[in-house]
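Mind looking over this structure? Questions follow.
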Amino acid sequence: MHDAPLLNINGLEAFYGDVQVLWGVSLEVNPGEIVAVIGPNGAGKSTLLGCIMGLVKSRSSGSGPAVLYQGEALDGQKPEEVVAGGIALVPEGARVFPEMTCLDNLLLGAYLNKDRQQRQEVLEQVLGMFPRLKERVNQPAKTMSGGERQMLAIGRALMSRPDFLLLDEPSLGLHPLMTSTIFEGIQSINQQGLTVLLVEQKVTFALKMSDRGYVLEQGRVKLSASGEELMHDSYVKEAYLAV
Amino acid sequence: MSMLIIQSLINGILMGGIYALYSAGFSLIFGVMGVVNIAHGDLLMLGAFITFWMFIGLGLDPFLTLPFSVAGLFVLGYLMQRLAINRVVGAPPIMSYILTFGMHLMISNLALVAWTADPRAVTTAYSGANLAFLGLTLPWIKLITFLISLGVIGLLYWLLNHSQTGRAIQATAQDREMARLTGIKVDRIYALTFGLGAAITGLAGSMVVAFQDVEPGMGLPYTIIAFCVVVLGGMGYIPGALIGGLILGIVGSVSTMLFTSGWSIAITFFLLYLMLLFRPAGITGKGIVE
Amino acid sequence: MKLKKASIVVMALALALTLGTAAPSLAAKDFTFGCAVPLTGLFGKAGNLVKDAYTLWMETVNAKGGIAGKYKVRIIFYDDRSNPQTSAKLVEKLITKDKVDFLLGSYGSSQVMAASAAAERHKFPYISGGAASNKLYERGFKYYFGTLGKATEEVRGNVDVFNAMKPKPKTVAIVGSNIPFTALACVGYKKYAEKYGFKIVHYELFPIKLKDYNTMLLKAKSKNPDILLVGSHLGVALRVMKAMKEIDFNPKAVAFSYGPTVPAFVEALKSDANYVFAASEWTPALPYKGPVFGTAKQFHDRYIKRFGRAPDYVEAASAGGCVVQQVAIEQLGLKPGKVGKAERVKLMEKLHALDLNTFYGPIHFDKDGANREHPPLAVQVQNGKLVTVYPAKWAEKAPMYPMPAWKNR
């Protein structure tokens, strides 16, 4: 077992207006892990990430805070504060800033880093990681392909030098070859010490590379186990891997 | 005759510069916040009065007062956004019309109470002096104003594209939530943007004083011109303000020369109507249209 | 929308403060006059001048014991906020609620147009010294009187002065903004320019919204006129002067229908204001004389003593209106508390019949209520001061003509 978990979610409840979306979700992510969250559309996966980032109001069904990061409560923090705390999100659909160049998008990722020199160093690292982006630095983001945008979104997230990276369906709409490239990238980032929480619909890909996984259905955690175990779980097989 | 056309073209270009400058502020505020600022011309009026009173009270040259009106209007714009406009960002456009129209009424009426409706003007040693060549005249004040306007628009454009703050402003305009996810405090960016838009508008107002009279009711016509300029050039696109400003200046001036001054305003509005009908994203096609 | 609500409260408060000024008087030994005039808003500044003129008249009369030497004058002032409808409503209120004996006229053709219609309905004589639109006299009213000349006639001095010039200039250009007051001035220019045989080389009415005057005036410049005649108010006059210098437009003279007589004109333009002509209806240099104020010069001096500034012709015309009404009241022997409909009909008839010399000049109303006698005057800015330059018999100085080119000044 690891030491204290990096992220500890305890009885998380979330609402959109009066509609409850998450019901007592508990989950933990340990330093250095890749943890996958799988589940059908509308299960509340993106909401879960939104709660961590401070985009969605959340509360705990028990006493104490719902979201603990490095032992500190994230409940009620604003997104910009959460980002400053070392967490970065790659949102669903990449959401790069379309009218800006690839380079400007990346530099914005390092918005909280006021040191120009450091920004330049991180930029070199990120561009080294994604050579495709290097070729496209001065291209407006809206003219880039889906895969390139996804890379750009990951690169932008990495520019803030996070300790913990959240990814929301990075493979959405990508062809398989590009999906592999993206997942290889994620794995290599993880190997450099970054903890990853991955929300994904391409279940095989996701579970294969994850240390552990959670199945989220209708706002509740249905199952949790190691990636390997989930791959062979009969329920998962039937619901998600059925050919 | 052709000399007259060239002269009217020059007159139009010189006026176009000042139109472009404060319309860039209008465009910026719209582009980032989606707010059509009906009180925009009133900000120009306030800038103009700062310069007027500093000239009268302290004997300061109008061009030396520019930093004061820029700073004053920046602070005012920042506070206006923080205290009021921020509540309608993201709300349906009608809400921002109502709020900024209210602000227009308040500012212009307070100014009327404070300064009366009298038109006022300043005359400096170089007022009306011009550079004459080949039978053409270029008034120095307007020439300098034009160059400053170009410079400031250029600076604004550069700032938006090459500084982290500028990128943050653009990011906030394009995807507010994603901007927050990169650590940008969007409320601050909104206030900063409004302050910046107000500051360059105050600057334009200060320069207007050097060649035109000022009075509390002067604002609204300037707002209408700004609206025309950004529709021509593309709402929310800064270089579009320059293009739109020049077109409006030239069309106004040349049609005054060829037809009558009454027609020049009719033609301007007809042009605006055509643009809204056929090319709502502006001549450049780069405007944001709702 | 918290702010909007707050702003409405602030505005309502401001309005309440400006409204809650005068309270009606019930003293039976006094004559009560009512006056709705713009004290705030677009015409607030000019309206306050009219109020000053009326105040000075009231103080002067009361110092001598009152009308007919025994009936003190009280004036109820209301602020119509430069709104014609409000002006008419306030006149109704003065008549029906405050039950004033007589009315005093307002400032601005639109205000006066609306207010005098209310006065006509109630058969109250209404004399204005601050409105000039020709339309005021085309309504067949019996109770409306104006001491100022009609807008088209007011500007005659500006053309007469050049007609008398030797050698006489040949060509004129006429420009003016297209609001009624200034457009009528242009009609007057045209009428007299044609009458005297000037060639009109350019004529253009431009929108009041026009921002850049340079190109508009460039067209006039290209016709090379001897004289530029401008239908203007102060703002237009300032813009024309600035543009003329910028485009280096050098006619032999430039004349404005209104603007240069306002002190702000010279204050704003400084030495650039020199050589400029303006039409006027009254100056203290005129040999006019009459009851209450004595001579034109004495009125002028009294004004300076009381308000610290010289009166312009609108103030003189307003005070002149008070004088003629006072004389009519005295000649009819009207008494406070006994002024009814029949008395006011007589007053109206008396006003039409009177032929009176006053400090403001002769006052004799035509059938339409316009003041018949009006010798045209022209003033010029010379070394920063306004001096009467036409007609020659009353001129303080000879006109400075032609005006030197801008680059030689």
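Structure notes:
Labels A, B and C are assigned to the chains in the order they are written; within every chain, residues are numbered from 1.
The criterion applied here is as follows: contacts are C-beta pairs under 8 Å (C-beta built on N, C-alpha and C of every residue); 3 or more make two chains touch, one makes a residue touch a chain.
Because the structure is a prediction, the values reported are computed rather than measured.
Chain pair with the larger contact count among A-B and B-C is B-C, by C-beta pairs in contact.
Nearest to the common centre of all protein CA atoms is the CA centroid of chain B.
Each chain gets one centre point, the mean of its Cα atoms, and the points for chain A and chain C are 77 Å apart. Between the Cα centres of chain A and chain B there is a gap of 43 Å.
Work out the mean CA point of chain B and of chain C, and you get 37 Å between them.
Residues of chain C found to touch two or more other chains are absent.
Of all residues in chain B, only 161, 164, 167-168, 170-171, 174-175, 177-185 touch chain A in the complex they form.
The residues of chain A lying in touch with chain B in their complex are 53, 55, 78-80, 83-84, 88-89, 91, 95, 97-100, 104, 107-109, 111-112, 156, 160. Here chain B touches chain C in the complex through residues 4, 7-8, 11-12, 15, 83-84, 87, 95, 98-99, 102-103, 105-106, 109, 112-113, 116-123, 127-128, 130, 132, 137, 139, 141-142, 211-213, 215, 217, 221, 225, 249, 252-254, 256-257, 260-262, 264-265, going by the rule given at the top. Note for the complex: chain C touches chain B at residues 1-4, 7, 10-11, 14, 40-45, 178, 204-207, 209-212, 214-216, 218-219, 222, 234-235, 238-239, 242, 244-248, 264, 268-272, 406.
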